[in-house]
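To keep things clear, I will list the structure first and then write my remarks on it.
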Amino acid sequence: MHGETTLDDPFDINGDTLREECGVFGILGHEDASALTALGLHALQHRGQEAAGIVTLDGDQFRAERHLGLVGDHFSKAETMARLSGMSAIGHVRYSTTGETVLRNVQPLFAELEGGGISICHNGNFTNGLTQRQQLIRDGAICQSTSDSEVVLQLIARSRETKIVDRFIEAITTMEGAYALVALTPKKLIGARDPLGIRPLVLGDLNGAPILASETCALDIIGATFIREVENGEVIVCTPTGIESYFPFGKRPARPCIFEYIYFSRPDSIVGGRSVYDVRRKMGRQLALESHVDADVIVPVPDSGVPAAIGYSQESGIPFELGIIRNHYVGRTFIEPTQQIRNQGVKMKHSANKPIIQGKRVVLIDDSLVRGTTSVKIVQMIREAGAAEVHFRLASPPIRYSDYYGIDTPVREKLLAAKYNLKEMCNYIGADSLSFVSIDGIYKAMGYEGRDNENPQFTDHCFTGDYPTPLTDLHGEKDLVKAPRLVEAS
Amino acid sequence: MHGETTLDDPFDINGDTLREECGVFGILGHEDASALTALGLHALQHRGQEAAGIVTLDGDQFRAERHLGLVGDHFSKAETMARLSGMSAIGHVRYSTTGETVLRNVQPLFAELEGGGISICHNGNFTNGLTQRQQLIRDGAICQSTSDSEVVLQLIARSRETKIVDRFIEAITTMEGAYALVALTPKKLIGARDPLGIRPLVLGDLNGAPILASETCALDIIGATFIREVENGEVIVCTPTGIESYFPFGKRPARPCIFEYIYFSRPDSIVGGRSVYDVRRKMGRQLALESHVDADVIVPVPDSGVPAAIGYSQESGIPFELGIIRNHYVGRTFIEPTQQIRNQGVKMKHSANKPIIQGKRVVLIDDSLVRGTTSVKIVQMIREAGAAEVHFRLASPPIRYSDYYGIDTPVREKLLAAKYNLKEMCNYIGADSLSFVSIDGIYKAMGYEGRDNENPQFTDHCFTGDYPTPLTDLHGEKDLVKAPRLVEAS
Amino acid sequence: MHGETTLDDPFDINGDTLREECGVFGILGHEDASALTALGLHALQHRGQEAAGIVTLDGDQFRAERHLGLVGDHFSKAETMARLSGMSAIGHVRYSTTGETVLRNVQPLFAELEGGGISICHNGNFTNGLTQRQQLIRDGAICQSTSDSEVVLQLIARSRETKIVDRFIEAITTMEGAYALVALTPKKLIGARDPLGIRPLVLGDLNGAPILASETCALDIIGATFIREVENGEVIVCTPTGIESYFPFGKRPARPCIFEYIYFSRPDSIVGGRSVYDVRRKMGRQLALESHVDADVIVPVPDSGVPAAIGYSQESGIPFELGIIRNHYVGRTFIEPTQQIRNQGVKMKHSANKPIIQGKRVVLIDDSLVRGTTSVKIVQMIREAGAAEVHFRLASPPIRYSDYYGIDTPVREKLLAAKYNLKEMCNYIGADSLSFVSIDGIYKAMGYEGRDNENPQFTDHCFTGDYPTPLTDLHGEKDLVKAPRLVEAS
Amino acid sequence: MHGETTLDDPFDINGDTLREECGVFGILGHEDASALTALGLHALQHRGQEAAGIVTLDGDQFRAERHLGLVGDHFSKAETMARLSGMSAIGHVRYSTTGETVLRNVQPLFAELEGGGISICHNGNFTNGLTQRQQLIRDGAICQSTSDSEVVLQLIARSRETKIVDRFIEAITTMEGAYALVALTPKKLIGARDPLGIRPLVLGDLNGAPILASETCALDIIGATFIREVENGEVIVCTPTGIESYFPFGKRPARPCIFEYIYFSRPDSIVGGRSVYDVRRKMGRQLALESHVDADVIVPVPDSGVPAAIGYSQESGIPFELGIIRNHYVGRTFIEPTQQIRNQGVKMKHSANKPIIQGKRVVLIDDSLVRGTTSVKIVQMIREAGAAEVHFRLASPPIRYSDYYGIDTPVREKLLAAKYNLKEMCNYIGADSLSFVSIDGIYKAMGYEGRDNENPQFTDHCFTGDYPTPLTDLHGEKDLVKAPRLVEAS
């Protein structure tokens, strides 16, 4: 669970979070294809709240609706579903940073090919996307979007292979980085996961119709059966007559992103065979074991800290209480304060539950610490509510490195743990004590004895700096065009 | 006037709730009057999400903005606040039933009087509102709204008294029922609470500017100091030179509405000197004492059942877990399902957290049971997630009677506890066992030994049928015009 | 014909016009009542473009839709018409000045009375409206709108008469000034025209359903038959069984507003038995007779000057040409210019047709001259297009006095003809010569030998200062509340 | 690509018209570039009312705003102009058929090239656009729009030339058909007209800043000076240091589209050295000479028939009168009628001016006759208004052939003159007589003795079937993808 908040909302104590960039969904051969896709995307809404799109296939005709805003804002009406006719569909939810949230970047993307068309959705990030894009432009391609996802589509269009699956494989083998891709062609629903399986993708089934989705919660909402995870490096091709698998990169051990457990996936999803909720609670237990403190009350930062706080409470025996109340009617707009009001420390989204806090030794539990800007405010709010002591506990290790695989992290200079040591961090946020769970601790919560440093079980570079793929764009040509040459308001 | 609840949202397990109709706020003599009012209303948003309005006073000129929708939707921009110029303001949030949610009913209401004007806000319901309205129409008044609140305004306008406070008192002494009123005149901010103090109203202070608000959480958000509750039957008149109190009904014991504790007030508010969160947790403890069951896990119905579930867990020692996950991105629109999808039992707002439920003996905790329509679905969802047993526990007694004081309850025939005995109710919702906290139990949670049946400490007719005031409209003239003669779409 | 322009649009050569404030329509007993009313209002749209409203009667239930904007913007959909169910309807289009165009002022107005309800529409202005409003407020009435039309409704509500027609007559006999009123009650459609018949109202019939409308063009659009004009001072009551007439003021000679011919009514309407187009053309002919000038081309100021220009051309033998081109796609928003662009004299709505103008002696024809601000721009535009001479001719006499009967005229100090003599006006607008048609000239165009100064045939105070009724508000109490005490943005 | 006309508006007597598809504008090196472009597009709005777009260049950064709707709807605010910063700009207005009016087709189009970017606007139609598009897709291009204009952009992107002007010329020499193109690069404003100069383009100047525009009226609105027409087959390259011309097709006689005079261009524009208004009036005079009829009144179909009707009246001596009144407040939405209302022949946009028509022998003048559907309604309306005789006269010859150069004509089977002879057409529309001006007649009105059949002076295939270029798409590959494979709703 995480918040729907925009950056730099001064009232927002959840503003300092990581953000996933996307969720994907696809279904082949079901008469309610578009409505089921809308429901699936709704369940994946935590992975992207800024835009949503669905493309269906009705005979040879693709039909698209792409909108800025929530799934429920644009895909709630029967008439929309009627326009999205057809037995197959793919869909996408997207988080994007301000300025790039324009319609041309909303997925699914589409290309008309000679024998038909292809539409694709992408969750993840290509670490050589800009490099490839530059080469494509040199070769005369027109890139409409500023999205790295379009590069795959351009490569598919330019492939000299004749079969669509071969074209798809040729394209993805050109790319590096992290991806869960879902594609729709006139005859096939195709899914693919990067060689390390960094981004998640699962296969499900609803009355014989195969489904691909970022998380199992998207299967649950429509009553579909979970079949299995798409494997790392697998290209899975669903047709009306069956499912085929390709492994163009060969088989090798997976290394999925550990942040799916810590932060991104919904607590009721099963990822890699583990309950996300259960993992988070165990991280809370591990945290209690590693950093005990005498206290009166365990208070979660809502809502992302709740499962870890429950675990911490269960392990430590200190009571769990809702010491911070979340305002459920916030919406996505905020009251612009005068400077005077701003100085009064108004909180729009949360408030301290004073009677629970007053005079107590409080252990605050959150899932992660990024820039620390909002942790400062939380600690201050709890102190102002009269806490005797404030101990800050994080159910993940310090984040010291940026991500390049589809998680929106600040530049390294803004990561609190990249700038400061533990004591400095504790001073910065103003707590009486500060502790993180250890690296080995989170591996223990995952069921291992610890991190296998030779062959790490997870992608965990944010904590360790151990990037599992080349970072071509980052280290390559200096003059890569990183910003779009066209700024569009629409 | 109170109305029927809205049509069932088939996906909404929270659809079967009671609804408060309003929250009020007022401030006198602060340069940020309109922005502070917007923030106060934002904090009171749980009391009404369908419409919001603010009226300010700038010199002799009143300025109004009234809108359907959330506070944040319409009162978030600096330019709106600039239009609402002036040093004093009152504001209102409103819940209203379908068909009546038209702009003319959105408060604050306003009347031009000979020497100036008056604007008022009302939370509550007059039990003789329709009777008085009928008489006013006979006397040539034109009632623009269909709101009972307008009746007070008409009475003020028609009063032959010369001082505004006398006119105000003459008007309210004509009325019966429950009310917290806030009014603004060119020189005064006036508040009033009904003789029994059924609806809440508190007095606060921000740097010398007096504030009236439905709950303390509206003071907290702006950093204001809580002074005291407005007393039952008190008319409080704030002017730049001080605060005066009138008790036109004399002094007598208060009898506030117990539902403010059970359901309406925000958990971080202090009502009648009690922490709402703490009361709810104690009701959960009391419930555990009264209706123990051997079980593996305590699961709250989010979010209303959480504090009671924490209390139940603490008392019983059975672990508290988030067995139902709430989708935070629902918004206010829903995907219209096809019949087939509907039959699959899709849940838009919540989902079962299967790994927590599977094979477990589950105690479900909710705050209240009204019609039971959604409880059926919750129990079914928990069973489908694999629960071994499902025990339903309610942190309030059975609701057997309708409310006429500003709470939107179904007609009596639709109240589950008015139709069925405990066993029938248990069968209806499909649980293995069902228990409510007792009447005396909730009084215990409030700090009493039990209900004083001679002089009940609270308004609790929904459980007991003991209405504390006459119900004139209900029992009076048969041909009272209950529906407006003009239906307006806007 | 006149323009849809707002005040003070710097690019608008039609900005300097008079404005009618309203058009009214009503129909009794037709299954398409609301759609026919929408069409009738559409045909009357030239009388008011800022707001439109319809109230229907379905059994005992009134139904309303009132909106800011054009009829076509809000009353174009079948679903809107379906909401406006019922066999009878009245409707209103309104022009209003900035700041007062708020929803509460949009008509039809409605009052719930004891035995039912009444809805009314008003075109015109009561010259004692504010005086009466002040008295009503003293008596305890709450006036929601700032419209003088509401006063009639309040008087009807307060009348002690028992029959609705008697209440209506009591109310209007209290009022002074100009009015065409249309009212709808559960059984009746009522129309009324002021004692002098200043504002127009006609009676029509569509397959047995009686219709009231401001102009005959509203009958033509729906294929209805014109029966007769409602007479001056007549109250006409239509019921399913027939039509009755009342003359509460007795009978006396009519004195309709001459501006209906000069400017307001549509050219295809028949007013007082005369074709409006024909009258305007004859005014052009009369103008040619009175103020001949040797010239090469007659150019109308589009579109209001076209009929007079045709008449001038026919009388003088000088060719009529479209020397000014109107841009039809202007819409109601305008490009905000930079100062530099503004100085270049950009014209958004019109442009000179240079080849027609260049080197020519041009006679410009317009219908009237108010403040002269736009005439300056027109003359300048024609000169810049290369005209050899520019002669300005007006098909009405100089406007020297303000109106108080429903025409939006500037205060007297801003009327060019009130400030300057003919030569000064000619200098001001920069023309080579300037002429107006004479007072007697317009009476000749109407078919008379001239104005009967003893018993003038028309209301013509704008030219003569001869106001036909008392001006109570203007000359009465000094402290009349002229501005509303509540400013509302919605 | 051109499409079918939109569905008949039953109330619209102007519904049966030809439609131009676009207007273009560009300016280089002026600090008000975007505002001037908005004004220029506003003046060109008659060439396309469905969408508008502007792209500016600010340093190396292009900025775009593209919207469905009128220029005034989206480009009227100072803040929009502020977003469109920069000293150079191009813009486009577009008419488009239903279903294709989606945002991706709104111009200017943009491509990022290696050394910068290019944005283009197109008025006209490529007769080999689909053929080229098919080849591009085979070669791996992704065409985002369904517009033939994108083909040029793709060819520019794929060109192996290094200079942008050479790439541009390589691209246009691949294309056939009609075009006026305006393009913006980081250093240049480029214009081009097809080899025959079918579509218009003029060069202007504002204080040293060169301007390209479809018509001179776009220069007039901003006070710019007309320099000259861009010649047929000319590529004109404007830079800060001067203007260069290229003639990649060599020089040959022009053959501009005669419909610019008959219908499309604004009457106040100068096209090919001729006043459009003057040409239309002369066509009316010629029509009077060729098809005299004894009559009482000349009535134009507003507004397109007015200049010809003035000419006809001047030549014949029969008075010109406004016998049909146009409703200026129609807007773009219409009241949906019930069937009964439809049958009553309601006219939303126009009405007969009965007193002018009744008992008269009427000559109706219109500019052209396409499918005849609305002419039927006009004649009927005039007859119902009581005309003694109705003679229909057209100021252009019979339209017997479809257009493929950017004019939206029906398929040939729907052209009245392709189906019927003169007498049948007269019967169809219900007139007493019907005449068209002759082919030689329109050439006479243009100042020639007649059509030079060896080397026709104008593109006039709609009358003659003499198409001036190959029609490759029409006669080529049978399986050209004519419809887009992706249907998008936005």
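Details
Read from first to last, the chains carry the letters A, B, C and D; within each, the first residue is number 1.
Convention: a contact is a pair of C-beta atoms (placed from the backbone, for glycine too) under 8 Å apart; a residue touches a chain by one contact, two chains touch by 3 or more.
All values reported here derive from a predicted model rather than from experimental measurement.
Taken together, subunit C and subunit D share no touching chain. Subunit A and subunit D have Cα centroids lying 49 Å from one another.
The mean-CA centres of subunit A and subunit B are about 37 angstrom from one another, to the nearest whole unit.
Each chain gets a centre from the mean of its Cα atoms; for subunit B and subunit D, those two points are 61 Å apart. The multi-chain contact residues of subunit B, meaning those touching 2 or more other chains, do not exist; every residue touches at most one other chain.
Taken as a contact graph, with one node per protein chain and an edge wherever two chains touch, the assembly forms a single closed ring in which every chain touches exactly two others.
Note for the complex: subunit B touches subunit A at residues 31-32, 35-36, 38-39, 42-43, 45-46, 49, 70-73, 75-78, 81, 217, 220-223, 266-268, 270, 275, 277-278, 281, 303, 306-307, 310, 314, 319-322, 325, 327-338, 340-341, 344-348, 351-356.
Interface residues of subunit A facing subunit D in the complex, by the touch rule stated above, are 55, 60-67, 80, 83, 103, 110-114, 116-117, 119, 134, 137-138, 140-144, 153-154, 157-159, 481, 484-490.
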